[in-house]
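What follows is chain A paired twice: with chain B in the first complex and chain C in the second.
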Partner chain A sequence: MGSVRAELLKLKRSSSWAVVVALPLAAVASGAGNTVLAGEPLTDGWHTLWMRVVVVYGLFPLATGVAVLGSLVWRADHRGGNRNALMGRPVSALEAVVGKLAAVAVLAAAMQAVLTAGVVAAGKAVFGLPGPLPGQYLLISVLIVVVCLPVAALQSGLSMLMESFAAPVAVGLAGSVGGLLLVLLRFDAVSLAVPYGLTARATQVGTGAFMDAGTVTVGTLASMAVWALVSTVLVTVATAALLDRRDAG
Partner chain B sequence: MSALITTHGLTKRYGGRTVVDGLDLRVPEGCVYGFLGPNGAGKTTTMKMLLSLVRPTSGEVRIAGRRMDRSTRRGLLSEIGSLIESPPGYGHLTGAENMRLVQRLLRLDDGQVARAVRTARLQDHIDRPVRTYSLGMKQRLGIAMALAGEPRLLVLDEPANGLDPAGIDEMRRLIRRLTGDGTTVMVSSHLLDEVDRTADVLGILGGGRMLFQGTREELFARSVPDVLVDTFEPERAAALAGAWGAVLDAGTVRVPGLGERETARLVARLVQEGVDLHGVRRETRSLEDVFMDLTREEAL
Partner chain C sequence: MTGRAVANEFAKMRRLRTAPALIALVLGVTVLTCGTALSSPGFTDSAGDASPHSWRVLLGSMGIAVPLVSPVLIAVMASRQVDIEHRGNGWTLAHASGVAPGALCRAKFASTGALVAAAVLAHSGLVVAFGRLVGITAPVPAGPWLGYTAWVTVVGLALLALHLLLAAWVPNQLVGLGIAVMGVFAALSSAGMPDRLAFLLPPWGYYGPAVPVGYRDGALVALTPPHLAALLLAAGAGALFLSATRRFDRQEA
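Showing the complex of A and B:
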């Protein structure tokens, strides 16, 4: 798809990469640093480290980070004549929206890769944990990338409609807080249905934190992934329909 | 010459404000169409409606006989290149990377991209980041991006805005080169001088309405220059000629909008009243004056 390839080219030398690297590394530094400073041992090895880094990261910074990425990806198109040029070409609204979603998804996947690599590096270098990171966390990392898709689609759509950098980030921040509250107040079904809640829930899979059962089952992973993909399609189609009806400024 | 763009009663309203009012546009194929009007006249909104970036409140746009709307825009836009408002371009990418974006979006071959870059004379700067470009270079990149798909129609909104005289001249030559290749170019400006020497047909917009559409010669023919009466008694002559709308202008009596027969009547009246005349002439006017008069009348 031409628009996807074009959007990926725009990521070259993009400032989005700073967020992709800084946000997960800050989460790793915070989780590992607190453990060292508190002098609390990693009683269950990799599992404890994963919980201290990734669960906290999923409660709040992850969805906000995706919101920032959505705003960054649209920012250049809100400048100068880029928006008119984008819509003045023979490209359908759906192609344009999917292109943007692909760009945010690639960045979100890279952010998760940095987070996982950071956990491995901290586990080995700081805590000297034995063996490799258990395979289930790699599977959960893939799930986290998938559940970022509806947030990416929603934030990309908001950035497109609001034509602003800060406003969609503020909405993302509010959504993250809402998702956090849904988890803390243990609204099980609602937290899974709402994109911001779903990211928090996916980062808890296998940890036993909050409403999580503490086991990783194919059913849990598949149901979260399928709902994430379905909601991504719904949000993407709705965004494309809005873009198609919308006049240029 | 067949029309590539036609509009019928094209109107755009935002709330109670009418920005474009019942426009009947006719852009012949293969020409340079100079779309003129002061800032805020509705030129950009019209161009956006031609590209279906903005939907008309009423009326229709036809490109090559086919109706342009949201359902047909994708097909029609494949034959149109455009540069609306500010030039496009991603500052963090080089000129070549910006061109590659368009290449990927429109699935073009390397030859098409290279030809567009050469036509816009950008080949010496193509590997530099766009954020280091001058405004003129950014405009040329925008035109190269618009040209890459080898469009039949090029819609350029104020492409000379902010350019120095040399840049404006280069833009004129570029537009002429394009029509030499058979491309129809619609170019807007708020300054007649920018398009006067390039345009084959002029459309003048004021307050959202078409004030004139035709050739340069037709525009001149439409204008009636003021009659200037030179006399030793200008105050008395101006008072006598008051019925014709005469005004005193630096010791000369100026009478606007007077036809040949009325001029004869005025002169006869002044002579009859014993006013010593030593000259009656038509004011020499430039096309710019005609344009300014047209647009000023509309502003009033």
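Showing the complex of A and C:
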């Protein structure tokens, strides 16, 4: 737990809040703004608004945003002797990697909270939608946070290996493009298996967009969440092993 | 700015992995354009027709792929090209060698800009090759195609200039890359905005009005982009870049 607390402390001095707040709010502003400019009504109320904001957000900016956060949490450790300070502590490489993952996960969860709050605010203040945001979207928001974990683990691993801040973001962007292609070309199983495809698919649950059936079932949510957690564990263990080997070298 | 300073920037790129970023830019746009076109209903069916529909689908798909992929990768290239000067105190070294910080930025623009322009030409050409490969028999709409390619080159170079300046001003790469990711929203949104509004978000907002096709009453039709706006963007961005880098020249490294 010490590593997790240390990473969360490091976040205080980073500018991570800017990404966490600005990226989802830009998605809300873009989705709501386009709807207003196009003069297209929200025919199905909250569902249409959610689709216009969250599906686009999941197709590309979400994974790239997580990539930026991954670079951010490793940024300090690539400077001066900080890498030695990180590895010189009496904790295992796995604990150090989990600490980094926890920091990205907390930021990804905060990003989703801002997105959901932004959709609610736009729905009420801009479009005057009746009633609250349907409960299923709160559940889907939790799923989106869970499917961000494998992307966070992968991006954190890349940021550990690459000293550059920008290079892992470029890889994250390439991953997002790959995930988007899998969705566009309807490669159902592969898009669910690949972390960048999984984030895109999770943001489409319940919307009927692309390959989504348009219904929300516990089975769909659970299978996505379970695979996300399993792949997170696999990537985290592999990253820790890599860190151990590189540190010994 | 001397030719030697530009050649030096190309030498730095060897260790900066600029080539993979450039390849990602070309392949990313090409593959995403082709994937979007293939998933468009009626694209392959109309390939054998004499109508220009299939080429319009490809142009429209490129209009989605370019703003999705280019802003972040151009920011990555600019950011890495400048970051080495912050890390290795290259500003002082270059200044002591007779290349002032502003001149160094201009050398970076000339070298990286040549690669960005080549990348745009490459993905534009590869999409034409893909169109021929899937059997589109209609002649390539050369005017709109070249116009769009030129426009995307101008916006790409304006983005590069902006990110070079940002990276030189702010050593924290989060700022440049954060702005690049946010810029994608502006670039994508500009497609659905009236041109006058899109032009308020330079340079990203210029990606939308550049697309020479669009849907009108459910049909994909040819449009005439306001090319004068691209010229104004080129002139404005060029003037701003030159004046900002001249200020750098007068500053202590």
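We take it that the second predicted complex is superposed on the first by the 245 of 249 C-alpha atoms of A that agree within 3 Å, B and C clash if a C-alpha of one lies under 4 Å from a C-alpha of the other, contacts with A are read in each partner's own complex, and residues count from 1 in each chain.
One rule holds for everything that comes next: contacts are C-beta pairs under 8 Å (C-beta built on N, C-alpha and C of every residue); 3 or more make two chains touch, one makes a residue touch a chain.
Predicted, not measured: the structure shown is a model, and the values here were computed from it.
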Superposed model, chain A: greater residue contact from chain B or chain C: C
A:V19 contacts which: chain B (first), chain C (second), both, neither? second
Given the touch rule stated above, what does A:V142 touch, chain B (first), chain C (second), both, or neither? neither
For A:R89, is the partner it touches chain B (first), chain C (second), both, or none of the two (neither)? first
Which of the two partners, first being chain B and second being chain C, lies in contact with A:V126: first, second, both, or neither? neither
State whether A:G80 touches chain B only (first), chain C only (second), both chains, or neither. first
Touched partner set for A:A6, first chain B, second chain C, both or neither: first
Applying the document's definition of touch, where does A:A117 land relative to chain B and chain C: first, second, both, or neither? neither
What is the contact status of A:V177 with respect to chain B (first) and chain C (second): first, second, both, or neither? second
Both chain B and chain C contact which residues of chain A? 14-15
Interfacial residue positions of chain B with respect to chain A in the complex: 48, 51, 53-55, 70, 73-78, 80, 82-93, 97, 100-102, 104-107, 142, 145-146, 149
How about chain A: which of its residues touch chain C in the complex? 14-15, 18-19, 22-23, 26-27, 29-30, 33-34, 37-38, 56, 60-61, 64-65, 68, 71-72, 75, 164-167, 169-170, 173-174, 177, 180-181, 184-186
Please output the residues of chain A touching chain B within their complex, sorted ascending. 2-3, 5-6, 9-10, 12-15, 76, 80-82, 84-85, 87-92, 244-245, 247-248
Note which residues of chain C are touching chain A in the complex, please. 17, 20-21, 24, 28, 31-32, 35-36, 38-39, 68-69, 72-73, 75-76, 79-80, 83, 172-175, 177-178, 181-182, 184-186, 188-189, 192-194, 197
